[in-house]
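Below is the structure I would like to discuss, written out as structure tokens.
We call the chains A, B, C and D, going by the order they appear; numbering starts again at 1 in every chain.
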């Protein structure tokens, strides 16, 4: 039975990687702008459709599509920020959160319906020729495409980390997240930083969506699920903490899978959430809070 | 000023939208009310239902409408979207009732149907719905609910009969695993499949429940594999079905037969899974190769509109309108009660074959098995309806 | 700009008389259903507003208490318990759950509290779905005797109760204490306000009224899965309506609910495939035009003399 | 009773550690009724922490706080307020979305002596009058200037009908004229019988106002005595050396 447990944990790890990547963008946007874009799940959905579209039209490999989905969603995100969320930047924190939730809700409805009109409501996914190939390690198999997705998630996060720590723009973003007024006094153009941060958050959603299309289904209605998961993951990891968020996502994925085995599949998410609450009561600021 | 403009815009829009709403049924048409999920999680199935209703109404009107007593009247379809939310289903059906509809047409999915059927019962308006197999809805003593669609008991018996009818006794996949989602329908079928197994010579070696929306089926699949299951019976929603198929491949679980109800219905199944979606069986209740009058015309119309023959749920939806129109004609007046009684006495040929209703409102529909073969849905049962050979056993993943 | 003390209750009373008379003049099921839904959403949103608006604690687990009220009330009622007792039991169950959930979760702050309560609600939702997977349909006998008017009046009662509670929350000593806690817990404590007790009491009252509203829903709906009443959509609708109307304002939820539902339904009846799209766009336009909520927008416009 | 008067408020061996940082170490002192006690010391010496420990905003790791002989160490801050300990905050924290009058009203409703609504309202306005904010009673607290907020803070604290009032740097950020007004306000408060504990940087003001001072450095009590004697002790001067403003104060 032990190899089945390990197998289970491996699958949990691979799913958790997507939870983490799906949440990182939301965390970045919240950390920098103090805005909660509840249409984040819909942006993931759009990223998924980019990959499906490219695959259907030109048989483009989904891992190549990531290179398109990221920039495409960056532009979408920047556009959305410019048209909608830009108006909120001078509000108080409370008003920013409140109004960003409202706008995000309306946006989610709009994007869902547009997706139905554009691609119909069917569940879609991408199955490249190598889907289902596995790496066998003893009695345990690791699906290659999903492993690649996890590795790619790491690469993207590493890139994000380098960008945030080693570039002017990245430093400006971090400074703004730390202390907005201070950053403004230091001459950082807050408006542009916000635009870039929102675009980056959306791009991360796009990348996550493209990777989701490899292992899970994409349909216009999946947004809510991903937004809810992302909210739980970013709180578990500590708000605004990028790597904490990713690790928390992986952690949640593994816990859910393991508990499926221990308590029956029907209660897997319940156990995951219960563990979340236990962590929260022991560490009220999340697992990896910045003190 | 900008705000004032917004207020004026919204107020004007709201008034404009509400105002003509209260108008009663214009004389001269027969109003059929349909509440169908076109957005939300059932939107995919809802689209197939919508297509069936629309094409049927068009066809009947093209033939001059329905004879009501001495007049021929066209059908008028009043369709609303319920966003896959049963509260909206109820409130919109109530609104339709006040607009003079003489019959309801149902949506998609058991929970929406269960809500809708009860509203029909309450409002005493006959209700015809397809695309739900939950039998317990029919055990409430409802008098206004009619469904020319296969139900769980038909599926449970039918699948074993199909296997025994197509596979020689010494090659039958007798060890069965059941993947049941934790819903009333999941439990209903789990129970029925289990109780029908022994009498047909099968043995349920593994049965597991999971919640809808599960992403990791590795524990379920590994246990079924460990139990040596040769047949998998399941009724997943589309995303769950895709996940199960992919993970069965990844974990190299090679059942000889996989039945999935609902998930492989949509034509997008093969786009999503490619050749990995082959060999899967489905029992959607209908198929475009089904031999029945009117199917060819329906397929032609559908081809024209959507570029493919009619989808599996579109046929039964089309039949629903046929049944209702026939009942209205026999009732001879636009009285919901009279139409109900006429519907109970239905005996006509439709695109899903002959329709007759049992006392509980279920139709005794022929049991149809469809298999995904080389990326297309092929009718494999019953033989007399134009079936192609059943591909058995499913080829192991490694050899595909 | 201070409103004379008795104006809100007088307005509430007028509203009750007018709304109470509606079923006497119309038997249109469509109209009564609309009215019912608007009243239900007023009660739901206002009960959320008690904690979320007046107390500043954004509870994303509100649906759990709505769902519990619906579940308990409906089960008891269908088993033959008199409706009033069933509603009371549902309310009591929700209050008890409010106490049990509130005590630990209110030690969390801001987003941690919000997402913590969301997790609690999701646990309850999934468990409810697992324990009660069967659809709960009214038996044919109950359907035969089904009337909308009593449901409408019950929803009116629930809406009235939540409105009165909100009015008291705005005017009483407790209300001032709660407002202080919302603004700054440390300052509230320094002023002598026991922050935790105030939040907990607001949480319990809010859950109790959500439970009552859920009970009314359980009595109204002809057929639904018990899990459905626990859906996070109920929380989001309550929150959106309150934010849209005006958070922490007595008239926010009623204004928001009327607006939200009228617009949504009106669009749904006119536009088949794009009604959600248009609704989303209009919703965003309204939010951008009135970022402080409709109540505040109304006041601004009134002051400018439009 | 006279013992209680001498020891109206007593800190006994207060200790507080944050993570690895020992912010307050074994600090003891007493405050007599009607007295004005100054808590002084350089930045980071633990003055505000001591104030927070007395007010209950922080829990002590060791030691006790007594009010009129009663052990209040385990009581939550709101209960301490109702027993008669009021406080202000170093960085003013008004209840932002409430009017100035309502800020004071809450404190009056929940403070040491309960009042009915109409009495509480008139009391609040009277207190706003005392601090010179009568004309801004209906203004939202966010819209007040910094000095007005400071005065509002004092009015709010007074509204709880305190026995002891803890003030955290009430004079910081004020210009010399405003400091004089504030000092006379504090003397008025003392006259009505309220005991004051003041954390303050402005040494000149401390000399002018306080009966006694407790000097803290690195979380420990260094010296206690009248301002004149305590502030001229060599160890205290050493503590303060290097900060120009402080030296200016000593030179005076």
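Assume a contact is a pair of C-beta atoms (placed from the backbone, for glycine too) under 8 Å apart; a residue touches a chain by one contact, two chains touch by 3 or more.
Source: prediction; values computed, not measured.
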Where are there more C-beta contacts: C-D or B-C?
-> B-C
Averaging each chain's C-alpha atoms to get its centre, pick out the one most distant from subunit A.
-> D
In whole angstrom, the CA-centroid distance of subunit C from subunit D equals 43
In whole angstrom, what separates the CA-based centres of subunit B and subunit D?
-> 74
Find the geometric centre of each of subunit A and subunit D from their Cα atoms only, then give the gap between the two centres in Å, rounded to an integer.
-> 48
Subunit B to subunit C, mean C-alpha position gap in Å, rounds to 35
Multi-partner residues of subunit B (at least 2 other chains) | 38-39, 182, 211
Shared interface positions of subunit A, touching two or more other chains = 112-113, 116, 266, 269
What positions in subunit D touch 2 or more of the other chains?
-> none
A full list of chain pairs that touch reads A-B, A-C, B-C, C-D
In the complex with subunit C, residue positions of subunit D that touch it = 55-57, 76-79, 81-82, 86-87, 89, 93-98, 102, 105-107, 109-112, 117, 138, 156-157, 159-160
Sites on subunit A touched by subunit C in the complex | 84, 87-88, 91, 95, 98-99, 101-103, 105-110, 112-114, 116-117, 224, 228, 231-232, 235, 239, 266-267, 269-270, 273-274, 276-277, 280-281, 284-286
Sites on subunit B touched by subunit A in the complex | 38-41, 43-44, 46-47, 84, 182, 208-211, 213-220, 222-223, 226, 238-239, 242-243, 246-247, 249-252, 266-268, 271-274, 276, 397
Interface residues, subunit B side, partner subunit C - complex = 2-4, 6-7, 9-10, 13-14, 17-18, 21, 38-39, 79-81, 83, 85-88, 90-92, 94-95, 97-99, 110-111, 114-115, 117-119, 121-123, 134, 136-137, 140-143, 182-184, 186-187, 211
Please give the residue numbers of subunit C that touch subunit B in the complex, ascending.
-> 28-31, 33-34, 37, 126, 129-130, 133-135, 137-140, 143-144, 146, 221-225, 228, 233, 262-263, 265-270, 272-273, 275-276, 282, 285-286, 289-290, 297, 300-301, 306
